[in-house]
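Paired with chain B in one complex and with chain C in the other, chain A is shared by the two complexes that follow.
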Partner chain A sequence: MPEIIEGVSPTRMELLRLSRREKLAEKGHDLLREKRDALIAELLDVVSEVRNARKEMEDKLKEAFAFLIFAQARSGVEQVRQLSLMTSQEIELEFSSRSIMGVRVPSLKLETELARKVTERGYGFIDSSAAVDRSARSFEEAVEKIIKLAELEEAVRNLAREVEKIKRRVNALEYIMIPRLKTTRKYIRMRLEEMERENFTRLKRIKAMLEKRER
Partner chain B sequence: MNSGYQLPELGGWPGYLTAPDTIYKVDIHKYIIKRGEIEAMSVSKYAYVYARIRARMSELMDERRIRELVDARRGDFLSLLMDTAYKDKLTQAALVEVKARKIEKALKEELIDQYLMVIKSMEGAIRDVFVEFLRRLEVKNLKAVIRAKAAEIAGTETPETALFFPVEDFFKRRISRLSEANSIESVIEQLENPYRGVLEEALSKYEESKRVLILENALDEEIYGAIWNRIERLRGKDKEIVRKIIGTEYDLTNLMTLLRCKSEGIAEAEISEYLLPDTHTFYFNADAMNDSMFAKDVSTAIQLMPASVYKEVLSETLSSYEAEQSLIPFENALLQYFFVVIKDILRGYPINIGTAIGFLYLKEIEIGNLCTIAVCKENEIPAEETMEIVRT
Partner chain C sequence: MIAIIGDPETAMGFKLAGVKEVYEYPTGGEDDVAHALDKLAKEGVAIIIINERLAAEAKNREKIREINSKKRSVIPIIIEVPDKKGPLEKEVDEIGELIKRAVGVAVK
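Now for the complex of A and B:
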């Protein structure tokens, strides 16, 4: 049995106020529940996108590492290590945010494409090979996929946090606030009825006393 | 010597070379005078070199031996490798497990020993050619320093210094010390010619884009040009043989550069910058190659190439390229073709420069194969996949 709200005076005004609060709480509860359900649906969509993006990233990395091993086998471990020094690049990212059902999620935008042409990477043609090119390209594409995945995973984290928050609010309304309001309202109504009965009895007794005195 | 010289039987050739059945019976002096084949060195000297190289050639691994190494378990690979001509170098490397990088280092040292053996045995213009060949490794060392500087790796933080090709004692130039320089400019300042001149010339262009490719290109043009100049000083059959091998190598390098650029849509004018100027079969910047240079994609570039053996090799591989959308099949096919060219050279008359040059290339290919197997073992690549990469 939920507790009643402390310090409430059992008056009709309070009863009306509580009724309004209860209606509001129920309306809020319904809205929050709807928002929670919608957010969960969104979350599931994004989770599915994350799953696809992760798979794509893993496939790309697997491909890149396979080409890397091939390049090492063809050109030598040391040669490929040296060439890899040339392929490093600064990644410029534009950070912004977008809204999914009122939840701010990050948006990462690459300022420039990471996949470069063979001549833009910096290593020479003589000491490298088609396998080195292929490996470098696959890694560049993999980094793009990692960035996309990071964006989606952060969106999932934010959405999940929001769903959790809303779930707590819905539960608080459903299991604490609304029952308490109901109990308190019930208590006030009972208290008012009791007071009414007391008054009625009191009035009846006064009336009886007055009639007795008149006689 | 004058009345007829019988060359030793050629039974000791590695199994994958088709050993000639005939025993050469030729009057070497007559041969030299009439055909002008090996004027650069005395016959006796050539015969001596030939004998030494043949002895080393018998140590080259045949396909069966390579297959054995490929099929060996990771743990057994090292012990099988210790049972080869590389035993001493591998023992010095104190290997306890398969470490591709360490194996690579040990084998590189062995390759340099072979180069030095050939250089010491040669004289005159022929020796100069081999010295320039060896200088390619010095250029590789220099490139490594430049790459480290471009990547802003401090001298003390370059753990791979030990992996440089150990050719400093031969050339008396301490390239590895340049690792301690603060910048590429400082590296260039400390260099001697021919490197200093070509790099200074390329420096301003490098400064604009900060692409090491520009400096590497300048070094490549210098060394490949120097080799070509040395070849031009040879005479007769020697010149013909070296021109064929090196020219083919240059052609294949240019072909792969062209295809790599085409596959990424690089403009024709830019492609020309990366091509080696000296070639064997066709001049890449000439009209004959124009159509290929301007082709919209790789397949069209091949179709528009002038008729040559390369075109045949590439056309045969076109379907694999189209299926895989990768240039690797072309690279494999061209490398295999180059292997055939070397083997063809070795099949010919053996008392000339072809034996030495062919041996060094085969040695390089063998070392490449062993490094490939080591990398595959380290990464647990199945034997069948490894066999697709090794050249036999």
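Now for the complex of A and C:
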């Protein structure tokens, strides 16, 4: 049996206030439960997407490393390092966040294409080789995939956190708040009824006494 | 903005792709990685890419958790990528764990 809320006086006013609170709590509970279910559905949708994206990213990166090692073998580690110093580009990310049922989820968009033409990379043809080009290209593609994955993983993280929070709130309402309100209301109603009965007997008794005296 | 923290090979690869903020650290090194993470987080870098192997080191793992729990907006997003040896066999699957906690069942 849940305990009653402390400090309530058994009055009609209090009873009214309590039933209003109970109604509100129940409404809130229903709403939160619906929100939780919707978020879970959303979460489950994104999860498989994340798994695929991660797999894709890992494959791409594996390929990129293979090309890189090949390039290093062909041109020498030092040579590739030097080339890598010449290839910096401005990576512009458009950063915004959208909201899924009140959960902030990042949305990342590349403003420029990451993958460049060979001539745009900024190193000379004489020092580089096809292997270097290929490896640079796959790393560029890998970065694109990583950005996509970052967005998805962050979405999952935020959604999961929110679901947990809502779950805790739903449980608090369902197992603590609402039962407490219910028992308190019951307690007050019983007290009021008891008082009424007491009063009734008292009146009866007084009436009987008065009648006796009159006779 | 994007930043990379990784071993020399990873660093070189991403440099080839044109990423500017590249931090090179040998695996199993000292505590610099945590510092770099801190610095990047403060600078407001949007995505921090870090090698799984580096991220798996206790100190760095701790740091990542700290940054994730402290952040107020959606950035920085820290994302772990495999190095040239391929993805690590993870003892805890982070995403799976999150789902399990949120939904109550494991989802493949």
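In this text, the second predicted complex is superposed on the first by the 215 of 215 C-alpha atoms of A that agree within 3 Å, B and C clash if a C-alpha of one lies under 4 Å from a C-alpha of the other, contacts with A are read in each partner's own complex, and residues count from 1 in each chain.
One rule holds for everything that comes next: a contact is a pair of C-beta atoms (placed from the backbone, for glycine too) under 8 Å apart; a residue touches a chain by one contact, two chains touch by 3 or more.
This structure is a prediction, so every number in the text was calculated from the model and none was measured.
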item	value
Contacts of A:Lys117 with chain B and chain C, given as first, second, both or neither	first
Chain B versus chain C as contact partner of A:Arg134, first or second or both or neither	first
Which superposed partner A:Glu154 touches (first chain B, second chain C, both, neither)	second
Touching partner for A:Arg81 - first (chain B), second (chain C), both, neither	both
Touching partner for A:Ile178 - first (chain B), second (chain C), both, neither	neither
Chain B versus chain C as contact partner of A:Ile69, first or second or both or neither	both
Dominant contact partner of chain A by residue count, chain C or chain B	C
Contacts of A:Ala25 with chain B and chain C, given as first, second, both or neither	neither
Contacts of A:Ile91 with chain B and chain C, given as first, second, both or neither	second
Chain B and chain C contact sites that coincide on chain A, given as residue numbers	69, 81, 83, 85, 88, 121
In the complex, chain C residues that touch chain A	1-2, 9, 12-20, 46-47, 49, 68, 73-75, 77, 79, 81-84, 86-87, 95, 98-99, 101-103, 107
Touch list for chain A against partner chain C, complex	40, 43-44, 47, 50-51, 57-58, 61-62, 64-65, 68-69, 80-81, 83-85, 87-89, 91, 93, 95, 97, 104-106, 108, 114, 116, 121, 132, 135-136, 139-140, 142-143, 146-147, 149-151, 153-154, 156-161, 163-164, 167
Chain B to chain A touching residues, read off their complex	100-101, 104-105, 140, 143-144, 147-148, 150-151, 153, 160, 163, 210-213, 216-217, 220, 253, 256-257, 259-261, 264-266, 270, 274, 326-328, 330-331, 368, 371-372, 375-376, 379, 381, 386, 389
Of all residues in chain A, those that touch chain B in their complex	69-70, 72-74, 76-78, 81-83, 85-86, 88, 117-127, 129-131, 133-134
